[in-house]
Each structure stands twice: as structure tokens, then as C-alpha cells.
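First subunit A sits with subunit B, and in the next complex the same chain sits with subunit C.
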Partner chain A sequence: MIESQRHSYHLVDPSPWPISGSLGALATTVGGVMYMHPFQGGARLLSLGLIFILYTMFVWWRDVLRESTLEGHHTKVVQLGPRYGSILFIVSEVMFFFAFFWASSHSSLAPAVEIGGIWPPKGIEVLDPWEIPFLNTPILPSSGAAVTWAHHAILAGKEKRAVYALVATVLLALVFTGFQGMEYYQAPFTISDSIYGSTFFLATGFHGFHVIIGTLFLIICGIRQYLGHLTKEHHVGFEAAAWYWHFVDVVWLFLFVSIYWWGGI
Partner chain B sequence: MWRRIVSTHLKSISAVRSCAAPSCRHAVVESTHFSLSTRASSIPAHSSIFSRQIGSSADTAVKKRVEDVMPIATGHEKEELEAELEGRKLDDIDFPEGPFGTKEAPAVVKSYYDMRIVGCPGGEGEDEHDVVWFWLEKGKHFECPVCTQYFKLEVVGPGGPPDGHGDDHH
Partner chain C sequence: SLASSASSRRHRTGEKSWRFANFFIFNRLRLLLSLSLPNQAFSSFVFRSAMEDEIELKTAPADFRFPTTNQTRHCFTRYIEFHRCTTAKGEDSNECERFAKYYRALCPGEWVDKWNEQRETGTFPGPL
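Moving on to the complex of A and B:
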């Protein structure tokens, strides 16, 4: 047991962030519904709620960094919490994407008569999978390789190299996002163009959202590495970011094969 | 969750704690416990540096210090790392092992305070019984009503009541 507290666990100090996050979620949901129905002030409440949620995330995780790196509360057994938590969160995200892949398969494997009985539906001009999507396909896994490089650098104690590797990871991620954004802008179909548009943009759109979140996570890891927070023994936050990044990478590969490639044949 | 340890001796005792904890196999080393109890009575942050230097000067082998392993370690993480480098576990006193306690040679359970909850699971193999829980108090021996194993408390900390009532510091 730890001298000053007789156990290895972390009993967290009272914090306002759970309630502030809840209030932000309330504002977001109510504002969202108001926005989508004819109520005044919906947009304002929705934006306020989203900003509040983002703020809560920022201050909550800042407190976690303070308690762990700066105050040393994260003993080995405490680290298991965020570790398993990250893994389980990623599993829940897998379930989330599973739903979108199911939706896409449901509509594409037995195309309805209303869309011409064919897939892609009649009139839809699909994106050529062998252009931008094929270019993006090596970019994201290379980014994954870079994050593995960063991990090895951290484990070897090569702090500067780890920063460079994380910079490379983020740059590749931004290139990916840039290309996807360009494609979205120039796509000949929109989200409202039949079930094809819906499934395409929902699946790739949520993937893009996750890429942006992952990129942000990696940027923060890069900053922390630069500031010297991450040690070779203890870098749970970085590992969580790397796992999340590999997950995003795998989802892209599934997207490319099932939606871009198979879905366009 | 609690863990039980069965020693390799003929008949064994186990003290069980209603708190989840990592692995349980270790031997209790007397000297480190003395350092543990003296350190507990002083301010941890400062005394740890001194006791570590004293420890390393007494060692003949090259000893790793916390700074070598994780320079930015602080707080409880640092204490845990220090203990690991010194070869002891911080929750040592939660998992006592030893032969079956008798009146002449009671089973000794260490405690930071003047009393603690202990569980007796009986002897080895066939002699095991459902865990009997009891408060073991300083100065009072306890005999298990099922298997008559004899227990004694040894205070290795500041003593006093475990709930901290009457403690003027906090």
C-alpha cells in the first residue's frame, strides 16, 4: 500500500466536469431537436451545447493529465482503468461502424426496384475507386506505420525521434483528410441522392470524423511527448491514441473494399 | 474481491482482505518493514530521498534508482516504483503467509492501525472451511471458532483506530 494512503488506487477529488458534460449533452440534444423542428433558438442552443461538451472534454482530460503525470496518482493498477477503458471504447466504435456496413450491405446486396434493381443505383455516377481512394489507401496505413515508429522511439527513450514520428503521423493524416475533403467537394452525388448517397456519406463521413478525432488525439500526444510527459515505462495515453489510430486505419480498409471498390462495380 | 494464499507449509493461515489487489506471492522481509514503519511516521517526500541513499550505500551491487527508470515519476507512482526497485511490494502486509496459528505460536497479522478485519479459511486441503471474518484487535488474541487457529495482531504503523476518529491531524 502507498505510505500516505494505504492503497494503490486513485480516489478522485470532487470535480464539476461530469455535471458540466451532462449539461452540455442536454443542451446539444434539446438544441438539436429544436433546430430540426420549427423552434426558435435551436441552432444557438445546439452550438452552445457542442461548445460546452468540447470545453468539458478539454478540462476533464487536462485534469487527468495533471493527476497522472504531474501528481503521480496513476500507479500500475490505476493504469489498467484507462487501458481497458480505451479498448472497450474502441470495441464499441467497431459496433458503431458495423451498423453502417450492415446498412450498406442491406441495400446493395439486394437492390430495390425503386433504384433500378441494380447497384450502384441507376443514375448514380460513382467515384472511381482507383483514383483518390486508391491514393488514400496507402496514406493512412503509412500513418499507422509512423505511429508505430513513434511508439518504438518512446520505448527506446529516443524522445526527439518520437516527436518527429508523431509529426509525420499527423502530416499523413492531414493529407488523407485533405484528399477526402476534396473528393467530397467534387463528388457528382450528394447524401440525398438515393440510398447510395446516404450509406456512402454516412459511412465515409463518420470515418472522416473519427480520423479528425484521432488526428487531434495524436497532436496532443505529440505535444505531450515534446513536453516530456511520456516515459518508456508509462505512456497509456499514447497507446490509446495509437490503438484508436489503427482502428481508424482498419475501418478505412473495409470502407475501401466494400463501399468504394465493391460498391462501385 | 479478495485473494487467499496457501503456503507450502503443512497447515497454513491466510488473512483475507475485501479489496482487489494485484499478485500475492511474496515473502515478508523484516528489515524493509522497519524502514516502512519509520518512514510512515515522517514526511514521505523528504525522507524517501534519505532512506534511499542510505539503502544504496549499504548495497554492494549497483542499485537502480527511481531517477534512472523514470525521472519524472512523482507521488504514489514514485513510491510504487521505489518499492519495486527495492524488491518489496507496498501491499505486503495484506497477504501474510505462515504455518497454522497455535496458542504457543500464533499466526501474526500485521496492521497499520490498532485493529483490522481478518478472515480465517482454515488449514490446508481438507481442513479448509468457509471463511470466518472477525476484527483482530491489538493486545487481544483471537481463536477461530471452527478450526481454533490462533491469531495475533502486530502493529507496524502509527496505530490508533482505523476510522481515524480521535485523530487530530485530519
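Moving on to the complex of A and C:
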């Protein structure tokens, strides 16, 4: 196996998952366009594509776990790939959110004459930032602290405690998502209510989507920790999840200050 | 070479201040021209004195809050100010006539018509 190769790199076996992911992406995009235009079967193709993409993610990453944890291909130098890759991915996500914060600032710093030159626009009943958003503001950083607790537990070899810490992290994350969902449901304005609604729901909505993805990632880390996959020297997947989680946390803080608090004044 | 560099420095400073003065005078001349010539782009209303047959042309004064070429916000602000003035001081108040002249000078007629219509239907988005 790895002893028979005289280098410490990982030359992967041929895999069908890249092509299946591409086909899923093709189906998603074509289906999406069909859905948004008057073509039959668009919705079906779109959902088929999305399911295919999710399936590809599942099997691809299952294979990564098999190759790394079970087959031992992930030497220190191989680990650099996922490490730097995760960091760069998070940087690209920062750029993604930068765009939405720019959009929000563009419309709110110098409100157009067409909406009366004021922000928030007339008729928008903004959410009180000192109610649910203010409650959510300590919840997310607390779950960030819990993930740091989990990390320390892993490094110290305290495996059971690491599982408890990850459970705490995920629970806090779910509480946050629950509160946000509740507020979305009860909000007096919708995404169609002027540029305020658009920028608000786009920014907070994508943040919520990222919270859900991060929560899923952390749940998987929790399961892997429970199954004993993570060791104190080698837990790149966990670190990636933790970095992603801290990123999500920071984005929330920016959202709270600029959109909830400043945007409602 | 020190002396020559010093003299060239003086010369350069002189040139800069001359350029600045030129620009300043040019802008003043532009303003004077805009106010004195009967040009449709600059003037907005004509005032005839009863004593002499003299046409006095005026427009809204330059507002340092709106230094840009795009004067949309200036127009909108004057419109809002006029209506806030009439709400506070009552309709047909003399003090508000000043604001009325300003917004009529600055704003395109179509905008004023649209905003008046919005005010009547209660859909005007500005802070009146």
C-alpha cells in the first residue's frame, strides 16, 4: 500500500465522482434555467440535479475519509492540500459576502431619491436589533467557543469531552438557526419590499445558508470523533470545520452591526 | 547648482499659484456669465422691474452640501424643504416662497409633477 510507493504523496485512484458532479451541475443549471422560463420539466431537472450534486458530495467525501483515515494516504505533506484548500475556499467565501455587504452599503449610505433619500425607506418596519438579533449575537460566538473547547479536547486526547463539546456547538448552532427562522417567518417585510428587503434577505439569507452548511460539517465531525477517526495529531477535517465556523461567526457580527443595527437607525 | 535649483523652485511655485488664480477667476467668470446671460440652461425665472425695463435673472444659489455636477439631491432637498416649510408655517407663507423658487429652478418639471401626484395619493417616499 503506502509502503510500496517511495514518495509521501497521494496519487488518487480513478474515480467517477468528478464526472458525476459535473453532470449534476449541468442538470442543475439547465433545469434551473428551464424552471425560470416557460419550459416543461424544469423543476424536475433542477431537483434531480441538486440531488445528484448532494449525492456526489456524499460519496466523494466518503472516499476521502476512506483514503485518509482508513487507508492512511494522508501524510503530512498531503494534508497541506486540504489545509490550504480550506483556507482559500474560506477566502473566496469572504469575497462572496463582501459583494453583498457592498450592495447593502451602496443602497443604504446614499439612499436614492426614488425611495425618498432616507434609510430605512418609508413604510419598512425594521426588526428591532436589540431583540432576537441581539439574542443571537452571543449564541453564535458561544458555539464558536464550544468548537474551540472541542479542539482543545481533541489535542489533549480527551475523546469523550470532544464529543460533548461538539454536541454543545451543534446545539447552539441549531438554536441560532431556529431563532433566525422564526424571525424570518414573522418579519413584517419580505424580500420584495424595496431595496431594503432585497439586501436584507440576500445578506442574512446567504449567511443562514452558510450556518446550515457549517452545522452539517460540525455534525459530521462529531460523528467522526465519536467513531474515533480523529487523533490529536491529525484532524484536518475538524480544523477546516472549525475555521469555517469562525468565519460564519465573524460574518454574523458584521451583519449585526451594519444591517441590523446601523441599517435600522 | 543649489542656487539654480532654488530659483527653479521659486519659479515652479509661482507657476502653480498663477494656475490656481487662473482657475479661480475662470470659475467666477463662469458664474457671472451664467447669471447675466439670458441662457435657458442657466436661468429659470425672469423678474421685470416696474420702474425700468430691466430683466433680472436668478437661479438657486450654489449649495455647498451638493458640490457635484449631479444636482438631483439638491433639487429633491429643496422640494422637501419647501413642503416642510408650508407644513410648519402654513400655506402661502412668504418665507416658503424662497424654497419654492429654488426647487422650481433646479427640478425638471416631470419630476415635480410626479412628486406632486405621489403626495396627493399618499405614496411620496420622502420625509415631508
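Everything that follows uses one rule, which is that the second predicted complex is superposed on the first by the 262 of 265 C-alpha atoms of A that agree within 3 Å, B and C clash if a C-alpha of one lies under 4 Å from a C-alpha of the other, contacts with A are read in each partner's own complex, and residues count from 1 in each chain.
Just so it is clear, contacts are C-beta pairs under 8 Å (C-beta built on N, C-alpha and C of every residue); 3 or more make two chains touch, one makes a residue touch a chain.
Keep in mind that what you see is a predicted model, and the values were worked out from it rather than measured.
On the superposed subunit A, the positions of subunit B and subunit C stay apart, so the two partners fit side by side.
When both complexes are overlaid on chain A, the residue A:122 reaches subunit C alone and has no touch with subunit B. Annotation: apex subunit A, arms to subunit B and subunit C, angle 120° (C-alpha centres, rounded to a multiple of 10).
Applying the stated contact rule after C-alpha superposition, one finds that A:75 touches subunit B and leaves subunit C untouched.
In the superposed model, more residues of subunit A are touched by B than by the other of subunit B and subunit C. By the document's definition of touching, of the two partners only subunit B reaches A:233; subunit C does not. When the shared chain is aligned, subunit C comes close enough to touch A:113, but subunit B does not.
Contacts of A:7 after superposition on the shared chain: subunit B is touched, whereas subunit C is not.
Minimum Cα separation between subunit B and subunit C in the superposed model: 44 Å.
Comparing the two complexes, no residue of subunit A contacts subunit B in one case and subunit C in the other. Those residues of subunit B that touch subunit A in the shared complex are 19, 21-22, 36, 39-40, 44, 69-80, 90-91, 93-94, 112. Contact residues of subunit A toward subunit C in the complex are 113-118, 121-123.
Subunit C contributes residues 72-73, 76-77, 80, 124-127 to its touches with subunit A in the complex. The residues of subunit A lying in touch with subunit B in their complex are 1-8, 10, 69-77, 228-229, 231, 233-234.
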